[in-house]
Amino acid sequence: MVATVAQCVLLPVLGIVIGLFFLGLYRKIMARLHWRYGPPLIQPVIDILRLFFQGGMSHGAVFDFGLVLSLAGAMAIILFIPFAQWCPLQGSGGMLVILYLMLLMPLGTALSGGEAANPNASIGISRKLILALGYEVPLLLILLSVMSYYSTISIVDIVRGQQASVWALFSWPLALPGIAYILILPAVLGVRPFDTTTAPQEISSGPLVEYGGKYLAFEHIIHALSLFLGISLFVNLFLGGAANPIVFFVKILVVFVACVCINAVFPRLRIEQAVSYLWKWPTAIAFLGLVVVSLVK
Amino acid sequence: MRELELYFGPQHLGMVGNFSITLKAEGDRVLKATANPGYLHRGFEKLMEYRTWIQNFPLVCRINVVEPDHVEMAYAMAVEKLAGIEVPERAQYVRSIYLELARVGSHLFGLWAYANMLGFDTVAQWAMYHRDLVLDLFEELTGGRVYHIYIWPGGVRRDFPKGFKDKIVTTLHSIGGCVPDYDAAFFNNAIFHKRASGIGKIDQRRARELGATGQVLRATGMKYDVRKVAPYAAYDKVEWNVPVRSDGDAYSRIWVVRDEMIESVHMIFKLLDCMPEGEVFNKPPNPFKWKIPRGEAYARCESSRGEFGAYVVSNGEDKPYRVHFRTPSYPHGLIILEKLLENANIADVGNTMISLYVVAPEIDR
Amino acid sequence: MQIILLTSFGGAFATYLLAKISSRLRDVCAVIVSGLLVVFVALLYNKTPAATLIPSFVGAPLTVRLNMLSWFFAIAIVVVGFLSIVFSFSYIKGKERADFYYLMMLLVNAGMIGIVLSADLLTFYIFWEIMSWGAFLLISYNRGPALRAGMKYIVMSVIGSVVMLAGILSLYAVYETFVFSELAGRIASASPAYSLACASMLCIAFAIKNAVVPLHTWLPDAHSEAPAPFSAVLSGILIKMGTYGLILVLYLFVGVKLFISPTYVWRGFRFVLLVLASITILVPSFIAVMQNDAKKVLAWSSIAQAGYIILGITFGTTLGFAAGMFHFLNHATFKALLFFGIGAVEYRTKTRDLNSLGGLLKRMPITFIAVLVGTCGLIGIPLTNGFVSKWLLYKTLILEGSPFLAFIALIGTWGTILYGYKLLHHVFLGQLPEKYKNVRKAPASMQFVLIILSLAVVVLGILPGIPLKLINTIAVSMGMDSMNINIFGIASETGALNTVNILSVLAAAGIVVWIILKASKKSTRISQEDNYAAGAAIPAERYSYTVDFYNPLYRMIRRYLRDIFDEFYYWIAGRVQAFSDMVRRLYVGDVGCYAMYILLFLSALILSQVWWRVW
Amino acid sequence: MNEGLKEKLEKAFPHAAITSMRDTDYVVTADKESVLSLLAYVKDAGFDHLTLISCVDWIDEGEFELVYILSPYMKDNEQISGNEKINLILKTRIARGNPAFQTVTHIFENAEPYERELHELFGVHFEGHKRLIPLFLERAYDIPPFRKDFDTRRYVKEVFDNIPAIQDIKA
Amino acid sequence: MDRNKIGKWLKQPAKMANKYSLNAVYFCTGCGIIEIPPVITARWDAERFGIIPVATPRQGNLFMITGYVSLKTLRAIIRTYEQMPDPKYTVGFGSCPINGGMYWDSYNTIKHLDRYIPVDGWIAGCMPRPEAVFIGVTHLWTLIEKDMANGYLRYREHYDQYRGNQEKLLGKLDWPPLYATGIAQKEIAA
């Protein structure tokens, strides 16, 4: 019991720390690819600290509530996704709860951005929801094939199943969904070329347009957490999770760095182009994967 | 039905320069776009009437921040025409080299802007770095990084310093060495092609009607370049090509820019090879007492955005009576942009604008 | 039980009579009647009385009975009925023909209670017709376009009734009884082909009422044109009478064992139903995304949600049945809530055009919260009841090896998210138009209804064990396996659900974040007009992104989402009209003629059934 | 063709005075009635690029001089005919008091912003122009600022120097 | 990070965070903007010091007025400045905002920027080189350290004067006053 509570407290903190580290690393790696030195690794922390000291402007109660909902949702999901062997809430609904809790992040931001009544934010939210629909199609196929293959809706069981044999990415019928997941991973994380949601040069950073001060700091933390969550979900589902935290950290780090390198060599897609890409090859591969899995089972 | 009115600029990350476009939109489709210039209006042409002929040089170069050199050139040519000053032959070569360097720098800046607009930071940063190398050359030659005030009526202020030729060659070689990288990362990038092709498409007939010049016109297939059709400086002394493409969309325009940059570099090498020795400056009389006979002149040159002209009227005083600049961004930014943005997507507004190479201070003056 | 029926029918007419005296008396009477019904039904919990209403009606007795299944439906009917009557107070005040409106509301209510109470097919059919025609009168209450919607509804409804009547009479001709329990016993021995034919006939009627694609076309118009309180009843309860009928047919007549048996015939039948249900989920969800009328969005959403219910019920496992039943209850709560909420907005602003509304959050906060809760339930956000039922559904679909159905259901949920947010954004968020600056809060009676239903959505979401226990009893009584239920969800080896964990985690995280938000430097409160507009003052009235909200998506999917069935039916209607025109040259066209055609058609059908006996 | 154009112009517009300043600049001075037909004529004759519309304020003579500068585009995509280097400067004078002139937007579409600019900076009204709304300026000026009688230095003194510096009350 | 800064971080986290996270609002007010891209890109890399451009005024705390300010731009500048959350710092970049620079006799550019919005620091030059920007930033750091970069407080304190000057030049502004001013209150009372 004490251990569970301790995990419940520690894991979100750990998630935020790792997420912020990722943000810093992201800026550093990008800087190196740009031929420059780059900011210090703790720059995101400094930024967030500064934003907390900056107050900010609120548009109303829902403006606050949406952000709280979003961040609370993000923090809650961490407890459902195994971090190595730690998964305090494994018996509370499994993957399906994760899928639905993941809705809280965009929905909270959308409520908050909607209250701000800025068309730039509304356009960003509309793009975010469309993009989410775009990647949900292959993503759901992928998740369903994994769940059908292991005949469980519990993510812990999936990890256990992989640790008993091989990583799902390298096992025969699940290799197809694994490849599809790799193809859509940048879209799930919302990094370039799929960062149409916040495209600062087009719609002034979209949903973030009215956020300043602590609200923007919250948004940064949510962004950090969503990076962490998206990657740990992938690692758990396809790279076999991990038996101890350090291995797990190394795995998510490797996946993240690969994503950043993709990020650096692409310009931003338009939203229709992004969705039509997502509905073409990744969906086809994921669909094939699901067909194969249901035939094999 | 509720209307949506969006402001693209002036305070907008996608806006290069202080310029604003008001968009009337329905959904993410632009119904009507209205260019809203004037954020940079200083009344140059009025101010010039209060200053002597030479005093105006520091002023005119501020008309186009990205490549002030072509403004200087146009004004100097007009003054030379009015006053009947001859320019030494070496000065013509120096001017050509200098203007081509400015063109390379300006195109690299444009590349930065375009890549940045598409969120392509990596290429944007490379381009800005390379532009800085070009600016270093200017700094050594003229002492100024951005505003050079190098071309004067009667030639250029000073000759190339010692070893400058080699420096130009090494710098340009080091930039040219990265062209394959640029091609692989940017110009041949599939996503860039997706984003840029078909955007802001204009056909040649329409481009002519609306007074387009520069790469907007050349991207529709016409080899119209003032350097070629009405040669000035030393442009008729060497062989060079006018790069064109035929589609007339943003993708073609950026490719024309790329080809032009490479062509400029080759031209600089050729000019450096056959540069004659001699004087570079026919000194005009005391600038503070210099009176130019009554008359008027129109001179034009090809800036990196298109045709740049200066119309100068003198009434025999030591100050110009009236100066009016014809800037390429003027028709591009005020008419063509508005026409191209009709029925465009909101995501493509900045894309279209930057592919037209609009520089706001040129419009406002 | 007779008291319930007496109260409901008698109350309806009593209200109508009292209305002639005073309108206040009418309101009070209506509330008392519907309130009494709630009490009566609640009192009958876990009792199984049976009675005969009329010993012999055209040769057969009209009987009623109550069991857990009917009680489950009945309590939903009376509660939503009661709330809709309360909501009607302010909504209908000052409109013409209000007396008639109340009469019909109560009559439809009574009809539905009769349906779930009836113990034989004849009674069922009689109450079914009362409900159908009452609904027709209410749908066309507003006249104008409503009349057209009502016509569309009644034409399809009559076709359904006729098909059902044919099925009933066929059954009677073969087995010589109308009573469910007797029929269920006898039909088990029938040939699969015959029972399949009867089941399909009845199912067509129920599918029309339940608006299963391709028989859904009456619903979008009818829902959007009906008065808001009735829309809530229509969507939440009335169309679910089809579901009730479906359960009767599939689980009582056919028998659950037979239904999910590996028999070739029934497997095919089940497969067809599952495919129809998944189409019903998928296509209307995305058609709803494209609507610009608030009630049309909800109407299409009703079709899609009915698809979830049918998917669960026809899937046939215990979890699937539980998911379907629970989702029925949930849909009755949150869809009624949404219709009431939008009705309140319509009542205050006199419009339901999404493109012209906006920013009402500041003016109607309670309504906003209600609609927010309703939308969350609709989407299935954890801690609302919609989540639990969908969770059950997905779980059984995945574990029983139907991932494609699960995929379609999940994608339908994404459609739900898109239109749910669109609804919230266009009505309550965004910029407040000038002409709604002075909109007042919803009236107290409306707010009461909204609060009750919002609470129901949340409470059922946090304590799903309450209805699930009930459903478990029903399932067991129908011969299905029992589920392992506790008050906070489901415990099982293959994936448990525990809402209290989710609640506590979310609440704790929320509180921590809220404290951080409030403890850090205080923020300045600014108005909507102080908005970033690239350095300019915002253009009043023109700084709102509402029109074509999902334009990029529309462009991609629009051409696939035409309502081809609607067009097809209109085409048929056109042909029929042309044919009647042709016929009219022979007959002098008057109403009697058409009545005669219908009679002829009916008798032909019945005769053919009676003649062949075994199909 | 150069000489041919001159002769043709002289034949078609006997009132227009045609001088060639240098070998590339032709100056045609016409009265204001024949400007529109002249523009249409030279457009057909190949000068289809309206480079610039300018205005000179000859305050001593009480006249505005409108200047249309035209040059030809290339006839086809590849070949340079030699004509392209010619600038045709077409000038006409209008009265300074209550200045008005016909718009040329129906002949050259790109004349629109130029005329807007001249309307704003010189106060020349162009009849038939569809969008004579402000282009650059934020403040309304009594005298359009580009006229010779508008003294910008005096204006600066009057307006900007009259804005007080912020006084620190506490100090 | 420097070791002896740790003490400062612990003592005055707000000040230090403000110093090392200057997010500049991207606004090309004049020709000075031409030197901003080099500053923030590979050659000079201002991100080393935490300086990055941000999209909207809400997100930033550093406002660089890059170059001369025409009347039309002044309106946008005031609007943008007022939308930034406190604390915010303004830096006048180039000679022109200081006293008009070479446009001292232009009828359309303002001459003294600090009469319309408060300015915390100036970077002189036409135009200042990228190195000068860094010197300006380090100077701003010193000012923040010594609590002298208090333009946003001055703006609040003398808001009626600022607003008066703005309205004197631009006529009526399209947005309501940011703070309740003495003048505004008097007007309401009258």
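So that you can tell them apart, the chains are marked A, B, C, D and E in the order they are listed, and the count of residues begins at 1 in each.
Please note the rule applied: contacts are C-beta pairs under 8 Å (C-beta built on N, C-alpha and C of every residue); 3 or more make two chains touch, one makes a residue touch a chain.
Just so it is clear, the model here is predicted, and its values are computed rather than measured.
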- Message: Please report the smallest number of touch steps linking chain B to chain D.
- Response: 1
- Query: Which chain's mean C-alpha position is the greatest distance from chain E's?
  - Reply: C
- Would you mind checking which chain's mean C-alpha position lies nearest the centre of all protein C-alpha atoms? A
- Note on the structure: Farthest chain from chain A by C-alpha centroid distance is chain D
- Query: By number of C-beta pairs in contact, which chain pair leads?
  - Reply: A-C
- Note on the structure: In whole angstrom, the CA-centroid distance of chain A from chain B equals 44
- Would you mind pulling out the distance in Å between where the CA atoms of chain B average out and where those of chain C do? 66
- Roughly how far is chain B from chain E, going centre to centre by Cα mean, in whole Å? 30
- Query: Centre to centre, by mean C-alpha position, how many angstrom separate chain A and chain D?
  - Reply: 59
- Message: I need the residues of chain A touching at least two other chains; which ones are they?
- Response: 34-36, 53-57, 119-120, 123, 126, 200, 204-205, 209-210, 213, 270-271
- Note on the structure: chain C touches at least 2 other chains through residues 524, 530, 532, 534-536, 543-546, 549, 551-552
- Mind pulling the chain D residues that touch 2 or more other chains? 136-138, 145, 150, 152-153
- Message: With touch defined as at the top, which chains are paired up in contact here?
- Response: A-B, A-C, A-E, B-C, B-D, B-E, C-E, D-E
- In the complex with chain B, residue positions of chain D that touch it: 21-22, 24-25, 27, 48-52, 54, 56-57, 67, 69, 71, 73-74, 77-78, 80, 84-85, 87, 89, 108-110, 112-114, 134-138, 145-146, 150, 152-153
- Message: For the complex, give me every residue of chain E touching chain D.
- Response: 70-72, 75, 100, 104-108, 110-112, 114-116, 118, 154, 157-158, 161-162, 165, 168-171
- What part of chain D is in contact with chain E in the complex they form? 136-139, 141, 145, 150, 152-153, 155-156, 159-161, 163-170
- Residues of chain B touching chain E in their complex? 10-13, 15-18, 38-43, 46-47, 50, 58-59, 62, 65-66, 109, 112, 124-126, 128-129, 131-132, 135, 145-147, 360-361, 364
- In the complex, the residues of chain A that touch chain C are 8, 12, 52-60, 62, 64, 67-69, 71-73, 75-76, 79, 89, 91-94, 96-97, 99-101, 103-104, 107, 110-111, 114-120, 122-123, 125-127, 129-130, 132-133, 136-137, 140-141, 144-145, 147-148, 151-154, 204, 209-210, 213-215, 218, 270-272, 275-276, 290, 293-294, 297
